[in-house]
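Each in structure tokens, the structures are laid out below.
What follows is a pair of complexes built around subunit A, which joins subunit B in one and subunit C in the other.
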Partner chain A sequence: MMRLMRLSWLILLLAALAVRPAWAQGPRPPTDDEVNAIARKLYCPVCENTPLDVCPTQACAQWRSLIRQMLAEGKTEQEIVQYFVDNYGARVLNEPPRQGFHWLAYLVPPLAILVGVAIVVQAFRAMKRPGPAAPTARSDQEALLDEYLLRLEEELRRQR
Partner chain B sequence: MLAEFGYGILLVTFLLTLYCISAALLGALNKSLALVESARRAMFLTFPLLSLSALALVALLLRGDFNVQFVYEVTSRSMPIYLKITAWWGGQAGSLLFWSWLMSAFTALAAMRRWDRDQEFLPWVLVVSGGTLAFFLALNVFFENPFARLYRLPDGTIGGYTFQPALSTPVYPSDGRGLNPLLRHPGMIIHPPMLYLGFVAFVIPYAFAIAALVTGRTDDRWIRITRRWSLWAWLFLSLGLVLGGRWAYDVLGWGGYWAWDPVEIAAFMPWLTGTAFLHSVMIQEKRGMLKQWNMVLIILTYSLVIFGTFLTRSGVLSSVHSFAQSAIGPAFFVFIGVTFALSVGLLIHRWGDLRAEAEMKSLLSREALFLLNNLLFISILIVCFWGVIFPLISELVTGQKVTVGPPFYERANAPLFAALMLLMGVAPLSAWGHSTVQTLGRALWKPAVGALLITLLLYFTYTRNAIALIGFFLVALVVLVAVYEFWRGARARQRAQQENFFQALIRLIARNRRRYGGYIIHLSMMMMAIGILGIELFQTETQGTLGVGEELSLQGYRLVYRDVARWDDLAGGVNHTRAVVELYRGERYLTTLAPRIDFYYDAQQNMTIPGVRSTLADDVYVLLLYWEPVSAQGATFKLYVNPLVNWLWLGSLVFLLGVIVAAWPERDPEPASVRVPRSARQTSSAD
Partner chain C sequence: MAETMSSPVRRSVPIWAQVLIWSALVVLLMVIGIVLNRRSEGNIQVGNRIPDFTLPLFSGYESNDQSEIRFSDLRGKVVVINFWASWCKPCELEAADLQAAWEYYRPTGQVIFLGVNYVDTEPEARLYLQKFGITYPNGPDLGTRISQLFRISGVPETYFVDKNGVLRYVRVGPFTSLEEIQRQVDLLLAE
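Right after this comes the complex of A and B.
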């Protein structure tokens, strides 16, 4: 048991050493804000509907340090995001990927809204039958005053 | 014994509700007033019965009877008394009972009104609301019994059972698991009841609408009866949404209030159709138009209420809100499908009777603009609905789960909300019947120029962000138009009545509550819009690990880390880790904040409580993310600056005022129908 622990420490140390040159290449270690900026665009792969930057679980803390490590290795944001998609599926993205079947996510709402517009236009036409000519001589001011104000002032006039 | 008593009462109420439905149906079909009256009395009885059942549950919660599964799951010995009571709606079975209890209260209230003029509606209102109540009671009776006891089966598994299974032994845990810490917050105590009140209250207008469709009495009567119901329902639903946002802001520790989580949207969708409904019924009352459409809206609202409960309660979406998952999904699915199909069938049957009485004269008339407003609300609903169900569809079709997150909703909904705001600015100035470009332009140009000037001022002093400027322009426009409306009305009254301006203003509002209450609501929405624009467009954040005395700076604020302490609160079963940080603006000391992490032993869960300095200009929101005494590296903080967010909460208070003004019962009897008849024909619906 002790040997196993010592061995794992050794591996960790080696890993740290292996990472070192990459750290040295970059101008400075990545900041928390740089890590969060990428984590914000990803969703926690285990707890649904929680962005990775605010997820409080231990697993997410590890994923954030993974992002930090990848940043330190000089990976771009795109590469990091791609890594997460490859390993955990498209659900880590904050939107469905724009490909294949998932295009439906983006196409259905505008089409449905267009149908709605068409229905409203149709209904509007149907409701706008040629009726008796609207009185046009009313002054603008009067047309603006709605019936409540008209009624109110009329009543008051009568009272006086 | 108490648990068996509670379950027995639940069962009796369920059977009684079934009797109520059958008696009402038979009474309506055989024209037997006695049967209908019997059904009405049965409905009265459901409320005291369910209150008894609920009391039994609360007593079990208070007593800490952990042999009862629900008590074991949501309470623990260390919880304070008020939390033990509110744990009633902290879990699946209890919250369903809570739903039923509220539903029975509202149905009993509706049954208590004077029915002399609306005898023919009564049986159908009882059938519809009783049917909904029976469905929720059935969920409790057959699937989610809050009174189930824990038994250990011969194979060692422990489960909750209504009746003791053969060869099993009862289990008496010494302590419960405790309420989810996220729910131990004042916001979470009021938020679900508010939301449920809103949900449940919308069932009543729907019941009347269906009664109108069944009986063929399709004039405005059902709308006039339920006008206040709808307003109160809408108020509760709106407050429920705002309180949910406030809870998220205070407790979830992500610096925001709304994340377009499917479960938030579940409550937002009936709000959208409900809001559209509140607007479009005005057109029916004033002009006798859009009758078919109002039916569509109330049917949609009802279905979305049930759908929303289904989404949150069935666990079909796993999200931060879905604490409870169970096997009630299929039952919900069938119920929604059946009620929706029946409602639509009825509507199609009566379609011809619901034709408009007046014609649309102009594209700029108020009714046309209201129609546009409805179109926008429905468009937002389409985006939200599709966003919520697309991941499910994707999982079904491709086997791959996807996330539909904030960018999707924000991109699609932002222009729709902007268009709604523009309408909110224009519509109050347009006239019923007909408006022309000239009349509207003449009324609109002053507020529009005023709003432009304000926007220009903001451009030079506050922000150059184009989206923000468009948003602020629209806010200014709506505010100026509403203020102008108040001013115009008060001036007219002042001149005519020789009152001073404030007297005139107060009396104007008091005499025409619905209209001016509506404008107050518009103003409150704009306050909320300011808050939303502020936090959505200008929120900034930074994170860092600090040693004592070190600082983190953001937007001119400096956060200096002073101290940290960790201690156990044994009575509460909580471990607190609290940091002390000082907040400076430049060199000026502002205040000391104490963000903390609470660890709940019973639930084995952390809660991150922010330290917040709140002003009208912005919130400085500090989270303590991490601190370990061993590593002693320092503490990790996350600092947010959330500009203008307080306007959101202030706006909700003004909103409350506006709805109360609009919904307050009038002292005078209801005024006669004020619809302007198209011809000399008088509307017969006057009452």
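Right after this comes the complex of A and C.
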């Protein structure tokens, strides 16, 4: 009987330990850091070029409050960002979405760099390449001189 | 001699690369041109026909029990389109006058007021509507599509459209009196 009671207490203790983490993980309000981590990915709709996490306007305060509320509701970062895009347009994102016309923002700069590098490489090659005109002229002169010397030697031999 | 002095063969950029580079440059210039042109156009000009758009409406602010309102369905009526936001302090100055004007013209059935809520959050927008007792159709500017269509410069901004869908007057900033709104609406109703 005692053994049975001890076993029961042990089971109860284990059950209590198993439940404790669940209490600890209960709903807690999102921290400022969690809110700002998402706000940083968005831009103020009213001021130009001001990230949402540092914007002092009332509009941005409302948006941050909305992010906090959505986090508390268990929404993921992706869902929250998508909500803002759906409601306020892609221009609120801190980087353009990788679709349609926005691809230009990603393609044009590297293409421009590539073209620039190609032009610079081409220019360096042209500078390093030996100039063909000067050596040819020198070799022509040498050939003429050789021919002249040969003829001169032949004339001298004849006169002897 | 002539052969040896002839100009060396030049290694030029391949023709396909030249075409690619020039095409890319032309496209880039066109994009810049379009963007600059759009920016320089400013607001929809008075005298222009307003392009069609659909405004989803907040629950409780529907028009004829419809959850959205299509601008082209309003042909034959004078339309007053007001862009506002709950975070906009100047908007508060005209809110009561707009509502009073709506109540004045509503029985005639010839005028409709539309509130377009610009980059706002719904709970705060609803609080604002309740605070000023606004009852005319109101809805969010989803994706800022309507404000981009009108190319508004800020809030509040109000557009007066005649019975043929042509923009007749734009008010940038808040109205200072009910009479100011009535003057513009009466002019359009008299036509």
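Keep this in mind: the second predicted complex is superposed on the first by the 104 of 160 C-alpha atoms of A that agree within 3 Å, B and C clash if a C-alpha of one lies under 4 Å from a C-alpha of the other, contacts with A are read in each partner's own complex, and residues count from 1 in each chain.
Simple rule for what comes next: contacts are C-beta pairs under 8 Å (C-beta built on N, C-alpha and C of every residue); 3 or more make two chains touch, one makes a residue touch a chain.
Given the structure is predicted, the values throughout are model-derived calculations rather than measurements.
Engineer: Pick one for A:A59: touches subunit B only (first), subunit C only (second), both, or neither.
Structural biologist: Only subunit C; A:A59 stays clear of subunit B.
Engineer: Go through the superposed model and pick first if A:Y43 touches only subunit B, second if only subunit C, both, or neither.
Structural biologist: Touch status of A:Y43: first partner only.
Engineer: Between subunit B and subunit C, whom does A:N94 touch in the aligned arrangement: first, second, both, or neither?
Structural biologist: First partner only, subunit B.
Engineer: Given the touch rule stated above, what does A:D86 touch, subunit B (first), subunit C (second), both, or neither?
Structural biologist: A:D86 contacts subunit C only, not subunit B.
Engineer: Which holds for A:Q122: it touches subunit B only (first), subunit C only (second), both, or neither?
Structural biologist: second
Engineer: Can A:R28 be said to touch subunit B (first), subunit C (second), both, or neither?
Structural biologist: Touch partners of A:R28: none, neither subunit B nor subunit C.
Engineer: Can you list the residues of subunit A that touch subunit B in one structure and subunit C in the other?
Structural biologist: 89, 91, 104, 108, 140.
Engineer: Under the definition above, what is the set of subunit C residues touching subunit A in their complex?
Structural biologist: 1, 4-5, 7-8, 11, 13, 17, 21, 24, 28, 31, 85-87, 119-121, 123-124, 140, 142-145, 148
Engineer: Subunit A touches which residues of subunit B in the complex?
Structural biologist: 252-255, 259, 261-262, 289, 317-320, 356, 359-361, 363, 368, 371-372, 375, 378-379, 382-383, 386-387, 390-391, 393-394, 397-398, 400-408, 412, 429, 431-435, 438-439, 442-443, 488-489, 492-493, 496-497, 511-512, 515, 541-545, 606, 608, 636, 674, 676, 678
Engineer: Which subunit A residues qualify as touching subunit B in the complex?
Structural biologist: Against subunit B, subunit A makes touches at 31-33, 36, 43, 47-51, 54, 56, 89-97, 100-102, 104-105, 108-109, 112-113, 116-117, 120, 123-124, 127-129, 131, 134, 140, 143-144, 146-149, 152-153, 156-157.
Engineer: Touching subunit C in the complex: which residues of subunit A?
Structural biologist: 45-46, 57-59, 62-63, 65-66, 85-89, 91, 104, 108, 111, 115, 118, 122, 125, 132-133, 136-137, 139-140
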